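My structure is below; once you've seen it, I'll send some questions.
Labels for the chains are A, B, C and D, by order of writing; each one numbers its residues from 1.
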Amino acid sequence: MTKWRTSLTRIEPNKILVRGYPLDEVMGRLTFGEAIYLLLMGEVPSPAIGSLMEAILVSFIDHGVTPPSTLAARNTATTGASLRACVAAGVLGFGRHHGGDIESGMQFLDAGLELVRKGATYHDAAKEIVDRWHSAREPIPGFGHRFHTRDPRAARLFQMALELEIEGGHIQMIRAVELTMAALPPGRALPINIDGAIAAVCGDIGIPPEIANALFIISRVPGIAAQAAEELAREHPMRPIDPESHVYDGAAERRLPEKRR
Amino acid sequence: MTKWRTSLTRIEPNKILVRGYPLDEVMGRLTFGEAIYLLLMGEVPSPAIGSLMEAILVSFIDHGVTPPSTLAARNTATTGASLRACVAAGVLGFGRHHGGDIESGMQFLDAGLELVRKGATYHDAAKEIVDRWHSAREPIPGFGHRFHTRDPRAARLFQMALELEIEGGHIQMIRAVELTMAALPPGRALPINIDGAIAAVCGDIGIPPEIANALFIISRVPGIAAQAAEELAREHPMRPIDPESHVYDGAAERRLPEKRR
Amino acid sequence: MTKWRTSLTRIEPNKILVRGYPLDEVMGRLTFGEAIYLLLMGEVPSPAIGSLMEAILVSFIDHGVTPPSTLAARNTATTGASLRACVAAGVLGFGRHHGGDIESGMQFLDAGLELVRKGATYHDAAKEIVDRWHSAREPIPGFGHRFHTRDPRAARLFQMALELEIEGGHIQMIRAVELTMAALPPGRALPINIDGAIAAVCGDIGIPPEIANALFIISRVPGIAAQAAEELAREHPMRPIDPESHVYDGAAERRLPEKRR
Amino acid sequence: MTKWRTSLTRIEPNKILVRGYPLDEVMGRLTFGEAIYLLLMGEVPSPAIGSLMEAILVSFIDHGVTPPSTLAARNTATTGASLRACVAAGVLGFGRHHGGDIESGMQFLDAGLELVRKGATYHDAAKEIVDRWHSAREPIPGFGHRFHTRDPRAARLFQMALELEIEGGHIQMIRAVELTMAALPPGRALPINIDGAIAAVCGDIGIPPEIANALFIISRVPGIAAQAAEELAREHPMRPIDPESHVYDGAAERRLPEKRR
């Protein structure tokens, strides 16, 4: 019988090689974010791409108690389930309307770049793909948010991409779509959200859609785990969880020390 | 009706505060590993603790195709399930005999430190707790591995703890247990594994067991996702997956560039 | 290498034997409930035990929108996840405080029967185990409900057990505990719930605790699936789900036709 | 704020109405299979449809140790996870290539019936849809099996539908496709499988695709639970599970007693 093949990690007695690198050498020399990139993409990232990888992973780390995936995890926690059961229930809620937007966002931008390759300007390509999605009665992927009219995470990610000089066609395209969207009548004039920003940045640094999907899952797991752990620690079992009826009682707004990095 | 409370993340229009820090300021200034510590523990880690946090998260990132959790994820992938379903199935396999060892490892070491606080030497305390676990016919948590007789990840983590000067009672205790174990007859003379090393380091930097549990889940999710993505990309659907019958065909053994960090 | 063994189902080309019976012969001759008993216990149930099995499975089939497991499934559904992902999230919420009570209920009753075997009356044994659980600050398993002061399902199950003449020591013991509980001061005087009734009946018909656990999961899956399907069909995506804020708009109260069975 | 609505189950103190019927009255008068139909479809089934419902649910109850969903559950069990975690992992493996075939099978047959309504014969419609699926390089849903060349469950289900006089257009259509398929060259000449038979029967008794999907999940959960329970009871933890390397050691082939039903 022929053997099946794997290219990720080689295990030998007293030796673990991740993509060829001894894991004990990777410890202390690559950050977790860089090691995630190595594992998923096969190579150590350049410093610029490594920095963007960290920023992408940090940007999604938590979004409070109201995302349905977080509520699935908290409802599981209140039954007395284990932390891993809560995390699994939360991950299952990264559905079509939540998180999965990165993949559809990349397909949307790629449709525009296809037109640019055929000679259209970014401006005309943006108008064309927005029309196409509207005609199909599909939401524009990567635009609009339940809470935010200007997503601070998206703005920061674009600023970092600019400073690190990795802006490419995908970011140009989403910028053109942003202008097209801003000219629409109120109600349809939606701002870029973090899913859209990540889709554009992933496109420009060569991360394929299925890996971008994996990044979303990886980035939110700490938030799901922290929320489930808080539910287990602070609340009584079997409580009804109304997502709206909560209040924040944590640390007051504060600034990171200037010298940090 | 009184409102329920959360101390993790505050959401306001166009503002996301994680433990008080604006998330867009955290992006680019904390790594993902540091942000995970911030979210779970409530404060930005010191540089030394931040480095250990990264190393702990990296140490568990993947262990090839044979862990049952990875096989649960691959068996789910072969049915054509979504990546998030595969990850959820994998996370559910971080059970009592796999991963959960960190929590029991911390309880084991704490039992020894309790004796030290009452006047016992580390040497005597180690002998006493090993006897106690053996009498209860329980395995010694944090010792032994299916593949490794000397776990390279454990050695590296202790070396980093030494260099970063955060060694404390838990590491001293597991060292004492290591000597006790080495004196046992063959078959019972097991080496420290990575679960044991992480349990000791987490104990010395003040991470409670339930958060150490969360760290294990978080650290292995990239591996589960990468393995499921590889299954979806390389294999045909509905195949029977024999864990032993595989071969590694990835990058040959290589070294990280010297100047990296 | 020695082969591993299974005693459940034998598969040969064009032949499927469940516990020795050709599955195509079982179809149309055993009900689903009887086939579940056959699969889990290894033999075709007697008519009386078959009827109780159906009643147990029916009794748990759904309990409206407020159980946390149902809310985990609905929160997963609102993200646009697949039905199987919603069911998995719901099943994970059959935790320690929800459903798992059957296993602890059986252990509780067995503790009483142990005393009876040593010569105690049911009355004294019941008082002793209630005291023991209260002293350990544990809730009495199988007693009390968030909504019901007299659980109609428990009453019906005991009536059926009486009519089918399968009452044994476990039902006698829970009846004795019921009297003991009723004599307690208000607040502690809790009624038998359906978990307690099922624990007693399962004990008397020889179903071990781990199989009783399986029965609970099996019985509630239709409810979880129906609730998730309703969420997907009737509600818009990504809605906040307040468990209290719902209204029932289904069929009015009605009676089964008299001649049914 | 307007309240959200549910039409499944009404909960009042000491009263549980499923689709309008008091649950304690349903116990003992409807079987579990009939109650599943009531919950999902809203009405008590006729005796004929009730019998088919039981047969459909029984037909899928287990298929031995080799389905990937079963292997996901067993790999989860070997880590020491809870039974509900194993069941959840198994349910996640009812993916696109496994179980989900019922929904695509119904769409396939409906495409044929659309042509019949426009005047085509069943024979011509069958040839047309087989060509259409082959041209799109899609497998013919409901045909072919890894083990069986003649699926005994499918034959039995059609026989029951005939005896109970509920054959309709969907069964006629799949029969026409069966003839078309049998005339294909070896390798493409696949037999009807149980997914196809269930798709046809569900179509003829008016069960919509999303409910047929729920039926598949419900029907296999007992098998997943039984397999996970056997793994937990018979095997040692953390074992590598080779799906091919097993042997059946259960009851020998036997017949149901004649008088049963």
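The definition used in the following text is that contacts are C-beta pairs under 8 Å (C-beta built on N, C-alpha and C of every residue); 3 or more make two chains touch, one makes a residue touch a chain.
In this text the structure is predicted, and so the values were computed from the model without any measurement.
Its interface matching that of A-B in over half of the contact pairs by residue number, C-D stands out among B-C, C-D or A-C.
More inter-chain C-beta contacts link the pair C-D than the other of A-D and C-D. Inter-chain spacing, taken between the CA centroids of subunit A and subunit D, is 36 Å. Mean C-alpha positions place subunit B and subunit D at a centre distance of 40 Å. Rounded to a whole number, the gap between the C-alpha centres of subunit C and subunit D is 23 angstrom.
With touch defined as above, residues shared between interfaces to two or more other chains in subunit A number as follows: 66, 84-85, 88-89, 92, 94-95, 99, 241-242, 245.
Residues of subunit D that touch subunit C in their complex: 1, 3-33, 35-36, 39-40, 42, 44, 51, 53-55, 57-59, 61-66, 83-85, 87-89, 91-92, 94-95, 99, 147-153, 155-157, 160, 210-211, 213-214, 217-219, 221-223, 225-227, 229-230, 232-235, 239, 241-242, 245-257, 260-261.
The touching residues of subunit D, counted against subunit A in their complex, run 82, 84-85, 88, 92.
Interface residues of subunit C facing subunit A in the complex, by the touch rule stated above, are 66, 68-69, 71-73, 75-76, 78-81, 85-86, 88-89, 92-100, 146, 237-238, 240-245.
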